[in-house]
Every structure is written in C-alpha cells, then in structure tokens.
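For reference, the structures are reproduced in the following blocks.
Heads up, the next two complexes both have subunit A, just with different partners, subunit B and then subunit C.
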Partner chain A sequence: MAEDLVLDTAIRDWVLIPLSVVMVLIGVLRYFVSKLMRSSQTPDAKIVREGQVMLRARNLRAGANFIPSKAFRARKIYYCNEENGLLFVPKGQAQNPQAQMFSDPNMAMDMMKKNLSMIIPQTLTFAWVNFFFSGFVAAKIPFPLTQRFRSMLQNGIDLSTVDVSYVSSRSWYFLNLFGLRGLFSLILGEENAVDDTQRMMQMGGGFGFDPSKGLSVEKDNLDITQHDWALPNFEQRAEDVLKKVIS
Partner chain B sequence: MVTKTEESQLKNLEIQVDNGGGGAWEFLSLVRKLKVRRSDKVLKHGLSILNDPKQRSTLGSEEWTLYEQVAVAAMDCQSLDVAQDCTKALRKRFPESKRVGRLEAMLLEAKGSWDMAEKAYTSLLEDNPLDQIIHKRRVAMAKAQGNISGAIEWLNKYLEIFMADHDAWRELAEIYLSLQMYKQAAFCYEEVILAQPTVPLYHLAYADVLYTLGGLENLQTAKKYYASTIDLTGGKNTRALFGVCLCTSAIAQLTKGKNKEDKEGSQLHSLAAKALEKDYKQRAPDKLPQLTTALKSLTLSS
Partner chain C sequence: MAVHSGSGSSEKKSSNGVNELLAFNAENMQSNMKIIYYSRTFLSIIGGVVAGILGFTGLKGFVFYLLLMAFTSLGLVAKAKFSIHTYFDSWNRVLVDGFLGGLMSFVLFWTFAYDIAHIF
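And now, the complex of A and B:
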C-alpha cells in the first residue's frame, strides 16, 4: 500500500506554492487593515487610577517593613477603611465587565472590529481553499507518521489507505494558518505578528479582568499584612559593616 | 536607572564622538535610551547629522526622532532658532500630531511666553487628559516661574491619578523641603522608600528630614535610617556617618538623666566616629583636626 504515490509537479506549482503565498499575503494584508481600523483608544481615567492604586498598594505591602509603623498604619487606614478607603469598593458599584461593555458602545465596537478583522478573512480563505483545492494530495513529508496524525494531515481526504505522510491541501492550509507566525514576525517586526492562536485564546477566556475585583483582593492582602519594622536590625548590621570598615 | 556597563559604554562613545571617531548616531541613540542629559553634545552632533542630507537620509524614519531630540536639546541650550527650525520641519511632516504640538508648547515655554505655553498645554490636555509628560511639563513650568505653591498644586493633582510614580513623589518631597514643610516631605520620602526600598539615597534623605524635624522619636527613627544607609552603602556614605553621630548626641541631650537604652546605641556612634576618622585620614588628612574637634564637641555635649 505504501508504494509511492507520484505527485504531479503541477500540484506543487499550482496548489502548494500558491496556497502558501496567498496565506502570507493575506496575513500581511490583514495586518495593515487591522492597523487602519485600530482606533487609538484613550484609557479611562478611572481605570488608570485604579491600576495605579493597586500598584501603590502592592508597593506598600512589599516595602511595609521599611517605613516606621506609624507611617504604615496611617497608610493602611487610608487604603482600607470602609468608608472612603482607596481600595474599598462599595457593593453594587462593582460593575461586571459584560455590563460595562454594553454600556460603552465604543468598547463593543472595538471588540467587533477586532473579531471582524480576524473572522472574515479566515472564513473567506477557508471557503476559497475548499472550493479550489479540496481533495488534493499536496505534499509528502519525508518521514513516516502514525495513524493519529491522519486527521491533522489528511483533512479533506477520506481515504484510510493513503499513507499518513501525505498532506492534503486543506491540511496544508491549516498548517500555514498556524505556522506562519515566525515568518510574520520577521516581515512585520517582532510585536506586530498577527497572532491568531493567541487571539483565539483571548476570545475563549473572557474579556480582560475586573479591576474592582483586583482592588478588593489587594485590600484583603493588605488587611492581613503584619508590620514588622526592619530598621532596628539595620543598626546591628550597620555596626557589623562599620567594624569591617575600621579593621 | 543607568547601569554601570551602560554608563561606561556611554562614556566611551562620548569620547569617541568628541574626537571625531564617528558613531554619532549610536551615541545619540544611547542618550535617548538612557534618558541622560547631554544637551550640548546632542545639539552639536545631532545638528551635524541633520545638516548633512546624505547622513540624514540613511536614518530613514528615525530622522524625525532625531529632529525631536535635537529640538529638545536646543531648547535646553537656549538655541531657540535651531529648536524652531526642527519643530517647523516636524510640523511640516506631521501636520496633525499632538507630539509636535507638545514640542511647540515647550518652545513657547523656552522662550518664556508662559501664558501662551500654558494655553497650549491646556488645549493638549483637553484632547488627552492622561498625558503624563504634559502634566509634568506644567509642574516644571510653575517651578520655573517661581510659583512654588502652584507647582505643588499641579503635582498633587498629577499624583492623585498617577500615584505610583515615585519620581513625582521625590520631586514633591524636594519642593516641600525647599519650603521647609518637613512633615509633608517626610510623607513623600516614605512613599519613595516604599517604591524602592533598597536605594540608600532615599533612606538618607528621609533620615535628614526626620533629624530636622527633631523630637526624640523622630531622632531615634532618623538614626535607624542613617544606620540603614550605612548598611546599604557599606559604610561609604560620609553624610550618614555624620548623621549617626549627630543623632546620637541629640538623643543623649534629650534623654539626659534618664539614661536607659543608651548603651548599645553608643557603640554605633563610636564606630561611626572611628570610620569617619579613618576616612578623613585617608582622603583629607589636613582636615583631620577639624573633624576631631567637631566630634569631640559632640561627645562633650552628651
């Protein structure tokens, strides 16, 4: 069964290479289109402030032992008190991001743009590949593989007798779709690579995080932070240092 | 923060460029990356690149970055004509840009037309109320005009939003110090220490403020911070050594007669005095008598 299937060179010239070239070109085109559509979003003052509050509270937690206990206590109260502490989030005011998204049409718009720039070209190219190139055996990998790779490499060919190392055209399309990231980062610069896989991941796992939740977590952390002033130890250490200097 | 290797790299490049060894663009890039202030050199070498069309075209789109860098450097050196030319070139290339708008406002500021600069900054802030650089420019402008209370006001407004910016806290602390508002300054230094707990300079500054405030508790705390400075610098900071001596003698004066926890503290004091003496012997032997009398007067008074 494994006798060689001879692949027509025309398949290489008219399926394999065009498919790859088209995938690259579409990737580049998509990058520029999404760059055009990207609206420069101005961050909301409240969100920026919350981020900064969290950063400062984290600093306080990390460096608590380096300031006198009076100063620490004052700050702790300032952050954590139940009336107007910086980290205190009144109940009910904690918006969930879903609701926020609906209340802010801009945000929804942005999401849609992002998704559109991803989904439309993908469905189009997939349809195009399906229409023109379905059913080709486009390439052969030079090493044998186990049966489990069949669904990955021979998508679109329903023949269980073909050796697994042959790659169907549709599978070639998928390989290109996910494997061209390195090439894009070469062409378009490091950060600009169109990263489909990552975006899909983002799509799956909820939108962003909830700042108010972060605040209350930080508040709890700060509440249980014990203050243990580190400075008295420093006197001893300074003495040791000086003894070394003098000797 | 500029690391040691970067500093030496910068120095080498600077010498090389000054002696006509080429590498001007690398030098300028490094200055930009490290955000160091070498305005005269930047102006000289940057301008020579900009005036040479061949060199300029090899930069590609980096050319405009260079224009901006040279413009700012020129403002710093009061070569307002150069700054004006650079800004104009940028404006021609980017007619809509806010960044150029900021540059123009800075040019107005450099010329001393405060009102117009203020107006320009305000309109820029309306478009983007979270532009940190413009907020900071405003503080700097108030300070340059001698309007210290205005600077404090702006800085506080800025810190209300960007409260994790420790450089701003330090600036505020220094302004408060210049107005002798030590309590406020102490708060700011605490904030700075929280952000970077292992920088000895902040410990030292905080200790200075506490010592100036006076009072037994503050003095004891100040002494601890001087001690931590000594520890963090490996005993190389003369000011901290003196600080320990001064604090000890001041504490002794205040607790005269009570005399309870003096014993272990006095060891640090004498050690610091010895370290000072050794240091002076090595580096400034002719000042040694002055030091001994000064130290003696401190111990005498205790």
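And now, the complex of A and C:
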C-alpha cells in the first residue's frame, strides 16, 4: 500500500460498532412494529372466491397430464364454458376487483404504512450519520476500487490523495444497509426478512398485474392447454414398483 | 447453529423419483430453497470474519468467497446424495442461488473484521 494510515481506536469504538448495533436494533424494532401495526383486514368474500378459483384452474393446468383425457376435458368445460363456466365473467364486472382493490382504503393504508415504516428509519439514520459522523475516515475496505468511486465513498473527506480504500462513515452506513439483510433473515426467522428494495420490486411487479386480468388470463391459458397423457404404460410401471417393494 | 442440524433432517423430497415424470411439491421445494439461502448466508458471514482476521485483501478475498460458495454447493450436493433432481428442479438453484446476497454480507463482515484486526 502506498500509505498505511493508522486510525484511532476511538473511531472503532465510537463509530463502527455503534453504527452497526444501531442498525441491527432499528431493524429488529421495525420488524416488531410492523407486526404490531398489521391491521387485520377482513378479506372480501368475492375476491377470495375468485382467487381460489384461479388457484384451482392453475392446479388443473399443472396436473393436466396426470388425469385421463375425458376427465380433463370435463373439467375444462366446467371452467371455460361460455355461459356459466367458473372463469367467465361478463365484461362489466371484470373491472371491479381491480378498481376496488386500488381504491380500497384499507389496502391503500396498509401499503402506505409499510412503505413509510421502511423509509422513515432509513432517512432518519442517514441524517444522523451525516450529522454526527462526517468529516473523517471511518474504515478501510479491504479491496481497491477505482478513482471514480472516490466521490461516492469519501464524501466528507476533502483530501484527494488519500487512498480510495479509506472510506467515510456514510459508505459504512450503506455497507451495513445491504449487508445486514442476510443477518436479519437469520435472526428474525423466515417471514419478513427486512428486505425493503427487493420486496418493493416484487410488490410493484406482482400487484398491478394479477388482480386486474386474473380470470380472463386463466381462462385463456386453460383454453390452450393440450392434454398429453403422461402415464401411458403405467400399469407396467406400477407392476415394476410393486415388484421392487415386495421382493 | 440450528441451521446445520436442521438441514440434515428437513431436506424434503420435492419430486417423485419416476424417470421422466417430474411433479414438484411446491412447499417442499420452497423449504429446500430456504435451507440453501440460510446455509449460504451463515457461511458467508463466518467466512467474512475469517477473511478479515486473516488479512485477505483485494482479489484474494474474493477468491476466498468463491471458494466458500463452491464449498457450500459441494456440501449441499453431498447432502442431497448427488441426486439433485429429487430435491431441486435445476442445477442452477443449488449452485448459484444465494450468491449475491451472500456477497454483500461477506463484504460487510470482511470489512468489519479486517478493520478491527488490522487497522485499529
């Protein structure tokens, strides 16, 4: 290394460790608060029913090759029949679930609460870090980076000759933000690993698409499903398996 | 830690062993995925601390991380008794799945341990 800065032990004691501890604690706090604040919404019966019908249609599509062709066709007609099939919804009513879900006050409040509960602690912590811990070298990252990262990582430090590996506490904050996700998923159990960016992407992607067109999409998918009998010689196969079991 | 003893008993079969027919039990497969994720995360944290204490810098550290991930994959494959297809649906899952998430945790703990052990 060109120069090997020796940093004060006080930095370690009063910056690195407290920042990490605070972030872990805030994450745990956020988890419990979101658990407490989760309002129990009574789901609308009609929407639940539609969801279940879609699930059944999807299961039918997945297992189509394992039931005899006549049975599959009977089920398919039951679902896709123009007049009174389960998946057929007259055009007027099709829009309702989507509009209802978006303007439903409960759901909107829940989403807002979730978003806020993620953004506010992050913003507060970031402001706190900037206020208290700026203007000095906080840590050294063990791998070298190019000069372009200098402005991003060394934000409070105004010397341009310092190696880019020596970073300010802001970058330690970001490093913690990303790295502690894995730790949270281990500590807090399976559900609700505090994974804000990923969850927001998932929510944005899956939420807008599914309820709006669900039924007609399922109907089309089921219409085009071919039946390909996948167990042609299953008597022989069953016989082999039984022989193996008995012998 | 609970992960390692747990992963022994709870890698469930997620498909029948019949030759061409692959029917997946979604719940079991999800549980297997979770196990992979936990193992990877845990090992990357421990590996980060080890790399920091041993003073790896730069490329050596990343090579260490790759070795760690390869070791994890090997362990998982051995645990699944080398018949991947009864437990997972594709090779990619076993080999590549938790890679990036583990990388971030690895870098965090590597930086932390390196700084505490060597700079201060």
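What we mean here is this: the second predicted complex is superposed on the first by the 163 of 247 C-alpha atoms of A that agree within 3 Å, B and C clash if a C-alpha of one lies under 4 Å from a C-alpha of the other, contacts with A are read in each partner's own complex, and residues count from 1 in each chain.
Quick note on the criterion: a residue touches a chain if its C-beta (ideal position, glycine included) is under 8 Å from a C-beta of that chain, and two chains touch if they have at least 3 such contacts.
Predicted model, so just to flag it, every value in this text is computed and none were measured.
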May I ask you to decide whether A:A45 touches subunit B, subunit C, both, or neither, giving the answer as first, second, both or neither?
first
May I ask you to decide whether A:I67 touches subunit B, subunit C, both, or neither, giving the answer as first, second, both or neither?
first
Touched partner set for A:T9, first subunit B, second subunit C, both or neither
second
If you stack the two complexes on chain A, which partner ends up touching A:R237: first (subunit B), second (subunit C), both, or neither?
both
Go through the superposed model and pick first if A:F178 touches only subunit B, second if only subunit C, both, or neither.
second
Can you give me the overlap between the subunit B contact set and the subunit C contact set on subunit A?
63, 66, 231, 237
Could you please specify the touching residues of subunit A with respect to subunit C in the complex?
5-9, 11-12, 16, 20, 63, 66, 139-144, 172, 175-176, 178-183, 185-186, 190, 230-231, 237
Using the touch definition up top, name the residues of subunit B that touch subunit A in the complex.
128-130, 160-165, 187, 190-191, 193-195, 197, 221, 223-225, 227-228, 230-231, 234-235, 244, 265, 267-268, 271-272, 274-275, 278
For subunit A, which residues count as touching subunit B in their complex?
42-43, 45, 48-49, 52-53, 55-56, 59-60, 62-64, 66-68, 71, 231-232, 234-235, 237-239, 241-246
Subunit C contacts subunit A in the complex at 3, 18, 20-21, 23, 34, 37-38, 41-42, 44-45, 51-52, 56-59, 61-62, 101-102, 104-112, 114-116, 119-120
